[in-house]
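Mind having a look at this structure? Questions to follow.
In this document, chain identifiers A, B, C and D correspond to the written order of the chains, with residue numbering beginning at 1 in each.
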Amino acid sequence: MEERTGAQLIAEALRAQNVEYMFGIVGVPVIEVAMAAQTAGIKYVGMRNEQAVEACRLYSKFSARPSSLAAIPSVIEKAVRSSMYGRPGACYVDIPGDMVNAKIEEVKVRTVSCCPPPPVGLAQYNAIAGAISVLKQAERPLIIIGKGAAYSRAEAEILQLVESCELPFLPTPMGKGVVPDDHPNCVAAARSRALLQADVVVLLGARLNWILHFGFPPRFSPQVKIIQVDLCAEELGNNMRPAAALLGDIRAVVSQLLEELQKKPWKYPANTEWWKTLKDKMASNAKMSKAMALQPALPMNYYTAFHHISQLLPKDCIIVSEGANTMDIGRTMLLNSLPRHRLDAGTFGTMGVGLGFAIAAALLEKTQGSGQRVVCVEGDSAFGFSGMEVETMCRYKLPVVIIVINNNGIYSGVDTDTWREMEKMGDLTNIAPPVTLLPDARYDEVMRAFGGKGYLVQTPEELRSALQESLADWDRPSLLNVLIDPASDRKQQEFPWLTRSNL
Amino acid sequence: MEERTGAQLIAEALRAQNVEYMFGIVGVPVIEVAMAAQTAGIKYVGMRNEQAVEACRLYSKFSARPSSLAAIPSVIEKAVRSSMYGRPGACYVDIPGDMVNAKIEEVKVRTVSCCPPPPVGLAQYNAIAGAISVLKQAERPLIIIGKGAAYSRAEAEILQLVESCELPFLPTPMGKGVVPDDHPNCVAAARSRALLQADVVVLLGARLNWILHFGFPPRFSPQVKIIQVDLCAEELGNNMRPAAALLGDIRAVVSQLLEELQKKPWKYPANTEWWKTLKDKMASNAKMSKAMALQPALPMNYYTAFHHISQLLPKDCIIVSEGANTMDIGRTMLLNSLPRHRLDAGTFGTMGVGLGFAIAAALLEKTQGSGQRVVCVEGDSAFGFSGMEVETMCRYKLPVVIIVINNNGIYSGVDTDTWREMEKMGDLTNIAPPVTLLPDARYDEVMRAFGGKGYLVQTPEELRSALQESLADWDRPSLLNVLIDPASDRKQQEFPWLTRSNL
Amino acid sequence: MEERTGAQLIAEALRAQNVEYMFGIVGVPVIEVAMAAQTAGIKYVGMRNEQAVEACRLYSKFSARPSSLAAIPSVIEKAVRSSMYGRPGACYVDIPGDMVNAKIEEVKVRTVSCCPPPPVGLAQYNAIAGAISVLKQAERPLIIIGKGAAYSRAEAEILQLVESCELPFLPTPMGKGVVPDDHPNCVAAARSRALLQADVVVLLGARLNWILHFGFPPRFSPQVKIIQVDLCAEELGNNMRPAAALLGDIRAVVSQLLEELQKKPWKYPANTEWWKTLKDKMASNAKMSKAMALQPALPMNYYTAFHHISQLLPKDCIIVSEGANTMDIGRTMLLNSLPRHRLDAGTFGTMGVGLGFAIAAALLEKTQGSGQRVVCVEGDSAFGFSGMEVETMCRYKLPVVIIVINNNGIYSGVDTDTWREMEKMGDLTNIAPPVTLLPDARYDEVMRAFGGKGYLVQTPEELRSALQESLADWDRPSLLNVLIDPASDRKQQEFPWLTRSNL
Amino acid sequence: MEERTGAQLIAEALRAQNVEYMFGIVGVPVIEVAMAAQTAGIKYVGMRNEQAVEACRLYSKFSARPSSLAAIPSVIEKAVRSSMYGRPGACYVDIPGDMVNAKIEEVKVRTVSCCPPPPVGLAQYNAIAGAISVLKQAERPLIIIGKGAAYSRAEAEILQLVESCELPFLPTPMGKGVVPDDHPNCVAAARSRALLQADVVVLLGARLNWILHFGFPPRFSPQVKIIQVDLCAEELGNNMRPAAALLGDIRAVVSQLLEELQKKPWKYPANTEWWKTLKDKMASNAKMSKAMALQPALPMNYYTAFHHISQLLPKDCIIVSEGANTMDIGRTMLLNSLPRHRLDAGTFGTMGVGLGFAIAAALLEKTQGSGQRVVCVEGDSAFGFSGMEVETMCRYKLPVVIIVINNNGIYSGVDTDTWREMEKMGDLTNIAPPVTLLPDARYDEVMRAFGGKGYLVQTPEELRSALQESLADWDRPSLLNVLIDPASDRKQQEFPWLTRSNL
């Protein structure tokens, strides 16, 4: 009579669903599951911190507790399948501790094979025709490429749409790289202007949430018409009533649009006032941005730092990012050429996820042998949420390059001299602005403490040299502690186009 | 400075979303909302009981609390839209009591117009082709028509599919009438056999839940292939791995199937062993069922009662049903000719919803002047959950015909003589089986207490006469208290094909 | 190897905790538990409706799901104990359906014996002294007797406190009868005045919730000092900062107060301005109330109906009540002489609980042979929530006397003539005020439908005769459908002291 | 017209409740609250990570969301009061972001003054007498001093009880120091024996949870009698039925016991078999423990490390601890002389709280000028959960001494050589035991990275010198990275009395 423990059932059910990695923190009874996972051929990655496990359940698409050991495989299949089908999202399976070590006869377990790839839906023909009709009447069209476009692997189709119709486009943070950021039709550098004046917006898997100001004035024109493409019916019409609503997989629907357009080809003219407006704005912004980037003053400002970083990063690297200004400005300055190569804290602004994302990306890169670098660009405050995960990187020899953009604070900090003055004034808990962190924090030494490489970076030259050295080292992680002007945030606010709203 | 109260905003936002009826129980502060609703042109229906209001939130697709008065219209639009887009479901808007009477300047409110009909999605071409290939190889095909088919108004398309391919079909309880129950291809009367032996099942908007035994053996063949059509991606592959998964609106996808089939027409042969098996089984079941129905013994059994009812009901009537045996057997014996004309307690077996469903249906009928009767077939226990709603029917003069199939209990009861014996034995709380209710309960007099018509029915003749009289009266509700054999449940269990599993 | 099913474990664990009654609605798998309960010696009462089962969990003091069959007895003990220890409250044990029929070897079960009565806590000596010092300085003292005083069985002690110190007192709805309502020191008939002008209030197990206006002006004096006695620490200081906070069992703490007072006896003088104010107010209110009660007009008003009812009810009867005006006015007009003899919908105003309370009280009375009548005074709307439970009363021959105070509506209704006029005006869902119910609803016939006695009551004489007859019949339940003036609510509002705030 | 923002109201309401410190992570809109808090005189401490904010709500005693700005002060008063009254616990106030910046006229705000200290309850006299009667009959008595005793400040009374009756006692982790650990009657070094053989246990504010094995055999005698003293009624009888249940404040109830005992003084004899058993066991355990501590092998084992630490720590220091073995063994080896001077991860074993506890303790020490050191003893895995908080310590110059007991893993790790071998074997995610962390991790350098002092400690001599140096420095935090034998956990398991169960 063969028996299986709950831990074995969990591990084998996950493996049957093609789960390759398990991330966790051992403790009783996770240890048994972790060991069973390794036995089942799943790679186990021991992490240093876990966030809000109980809270997960509240935000999960699907959550369940198996009612018996025999039910474990089917519950896990449901969870894995639900996480990928429809709009992707986390799922939660709650397995009571005493179930992990309980046993069941093997013959009583009904195994479940791996679920197939998600089903694909198309839009209705007349909705396609209606959308094209709206698009053709546009005087100031704009495509917005969202995360959904990246998930559905719609890159070839969207590139063809952009190029065949010669339309300007704008990526959302996680939509970057679906069409390369350096494509001539990318108008990210005129983002505010593009959103404000567009009369027809094609939303490809992008939600009208706070990142897009809900589609509301004064950031959007009150007369804007929306062509919304989404795989989630409930999302259609959310916050804004679309002129055309196309329900379906982004890639499949864009193919439908292309097919329809091929019947009666159409191009948006290149010589319109709209293109001129956008190009002028991009040129002037680029000029200002370059002026900022080339300011010789030390400490550097955000633009200078990102300018040099962007010049050295390989085109195919995976960029992970979190922070406030660091993430915002990095979205503009660090270009992506490939889809699904940017991971950022994104929609919810949840801090502390960056290093975990980077570890996962680096493990995948290692398994696939893709030769792509994982670069993790962090604000100094954001790094603090899970900074101890550098030990995990060192432990597994993951060659992640972490760049901490360090302004001694959250949004903005103070310089060492000011800090010393404040120290003399008395108890810092009364005096120090809540946004400040310790000046001269040596995050680079934290990395060194575990055997990785650490660099203190104060000048453009040091930045270039440290980054080149880091990118050349595939044996261990590196961390560049890039000291920038603590007042950089306040200074840039003199330039209205450089604000947070320019995401 | 014009002002609006919260109550007005709620009422007007609902009206803007084309909400026509509001059902409620007044009390502070519902009264203000109810009055505002009437002012806004919404019909208000005062009910007698409310169930589990707090619990709603747990099972809602969408739940939200407006953060301010100004947010009420958009939250209500989201709730109404979410209730209809994607898989339909209840939504919950929680408005704190003090918001109902608070005021806001009218100019600060951003009204939201009515949301358009739900977007429609199609399946991929190759998935369509794959499904047809599976279907054509079927030796023992079966179409199962579910609630989703009714919601999507797919009746014309499904009828065409059934007839052009000459396929046997089976409706789920809420799928009844999408194709008329008396269609020659309907194999409901051989349900168990059809499920057990089918080698290819086409699921049209039906879920493999407990009503369909999860698609598992021994009720289904272990080798069965499923062609699953559903608008909800997460439902595809739930419990059973489909051979073909078609994501999209049922009506639209069946159209796609028809289009593809027209390219290369195909018919399932009429002279197969499968058709012979099904028809033989249907004939023998019909014979047994008829034998049961024609038993002259009194009190009547379920089959006798339903036999006579089914002969008299107009073809276009709306049948509402709840109960255990009453609902199960009624599903087989009471035929539907039109889609969306059967409402039953359904998937969750929640008791107490039947009279509410009937009230809503009768109000709609009255508004539309459709001339269709609403007939509510209730078990005696089920009737007890919300029996006081007969007052609501009388108050609004809704000509609902309620038929209580009264067996003095839940599943089964005892007759008056047995009950009197038990009374003599001592305290009934110790003695009476938990399933028993009071014999000779006069539910008909409950209806009379409020001015409706009540009939005590003990013979087929009384049943026919009372039902004819009730159906002829459009001025008030009627209730037929049909006394059947309390042991009817136990007796029918001698006939294995008549059990609950024959849903 | 003896085995026990989950159902048996549940039943036996409940029995071990001295649970005597189980109330439920059978269905799978409740039926197995109900049958096991009867076998274990628990009386099972089959009900007709259940409210918000899932919602229970949200409001429970304790909720748990046993992790295995063996854990059932200890989880049930925890639930039963938690429901009685500290502040009493509902507890929730969630047992998955498949556990009910699962089996376990008897030797593996650890039975748990019945938990002892709740532990009793006392207040600190100096807090007692402090409280007495505050009390002695009072110019206008008032004792408020709450539900907690009834729960702790503090009647003898509180009577002694009231009488030895000669203090005026006021009961909350569930505190009525701890000291008899007709005690000369009871100032319920001057409730608003007493609350408004008291300078020291002794709260004995009463919460400063909405029923007591949170202790806030303008209903209380802004200078009022509170002496708060409660067994729940978190309740002390809730909404109002007490001048003295006594933590402990009400009965025990009142004993401590008495002990301390005996050391240095003190009486509040009988000839104060405060007593004069209260007595004058009581007299003038009594006069007005009597004037209302003796109005000869028909239909009767609330006061007339309650006047006659109160004259006939036995002093030791148990009064259950729910409704809006019916409950409010009944609290004033129907006197209690014994503690724990009033059950009302109370703090949360939850409708639909009255008949269930009455059934439970009548069963207990039957078991104990106390000879006390259960009288259930219901508003007509409140009765509708669970009116079908009259079948339960008839089934178990419970001689409950239900008095429906019927004003054709909620708060207030309309008379038959007005209703007929409205019917002619068109669709009642547009026209009828949301508060109205059907005029001439014969709730008395609902009772007759199940074999109980029903009386239509339109005059004081009919009321007296029907009530006397009902009280004389111990073999079955009765229902008096007392038709009162539908405008009674609006009329009484001309008398400001008769409003809802006079709870 | 003076106005207040939501942020100001929050800050001022907290200040009014005597809240002195606020800990947080700024971000929109916390920044406004933090600044308002500083303005209101609350010290603001910016942290680096937050755990499970949403989860808090699930475990809170009280949670609420103010329905308007005006309600903020009273909701905050309720939360603060509820956190201290009855059993202490976290409370949760959920304030929507848009409320923080909203404004209200000052006159509309009803401020609430600071709530008084928690009310104190006593036990009943006969319960006191009963308890003493049980105690006097004890042959093998044992006092267990829990966290509740520390909270109620019962140290003087319990010392008197221990000494006047000459009873053996045992502290729980958070009960340590209520009576000094080095008191001759402390039998912590014979913990398992004491629990197993005691026939009467006096529980003073200690729960029979997993730390005390629920009071169940085989860790307790099946015949043990429990005298349970607790301020929470629902806790009395939890898991074990007490022979005497005393409801009340621990300090007050112990005073009651003393008073009663003084009437008829009683001493437990010093020459009993029980004392002999305990003393013999303590001596033999001490001998073994000392043998372990003095083992000269390097790396050190847990006992050696703790032996030297305990010799150098000042008697009045505050010990914070978390980890698995580190916390368990530290509880035994590191003695407390003062109550409320040990903070450990405790009942729930939640990791990541230690550094936060230490920061709070150090701030309080700084404010009070107590001259007491805060020493934080952490496992290496535990340190990783919130290790970045060392920056917070450096920023505020908090002289916390952190001692990381580093065994390269969770429960147990591997040494550098073994690790190097595993590295050669392939992908560590497949190979490394889930419990292992990186060998040679330099947690000391993490501290240095922010300006604190870091020490790598490999020998007893280095340990003593580093600790002495750290304790002498009041200007900054220090971290001792104490490398111990990675196999130390496995080795100690040969000594059965040294296991986790010896908490």
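The working rule: a residue touches a chain if its C-beta (ideal position, glycine included) is under 8 Å from a C-beta of that chain, and two chains touch if they have at least 3 such contacts.
Computed from a predicted model, the values in this text were never measured in an experiment.
With steps allowed only between chains in touch, the distance from chain B over to chain C comes to 1. When the C-beta pairs in contact are tallied for C-D and for B-D, the bigger tally goes to C-D.
The distance from the centre of chain B to the centre of chain D, each centre being the mean of the chain's C-alpha atoms, comes to 58 Å. A separation of 39 Å divides the Cα centre of chain A from that of chain D. Annotation: 45 Å between the Cα-based centres of chain C and chain D. Taken residue by residue, chain B touches two or more other chains at no position, since every residue touches fewer. Residues 67-68, 96, 98 of chain B are the ones that touch chain D when the two sit in their complex.
If you check the complex, the residues on chain A that touch chain D are 21, 24-27, 30-31, 34-35, 38, 43-46, 48-49, 51-55, 58, 324, 349, 351-352, 363, 366, 381, 383-388, 391, 394-397, 410-411, 423, 427-430, 432-438, 440-446, 448-451. Residues 61-62, 74, 78, 81-82, 85-86, 113, 115-116, 118-124, 127, 231-234, 236-239, 241, 245-248, 252 of chain A are the ones touching chain B in the complex.
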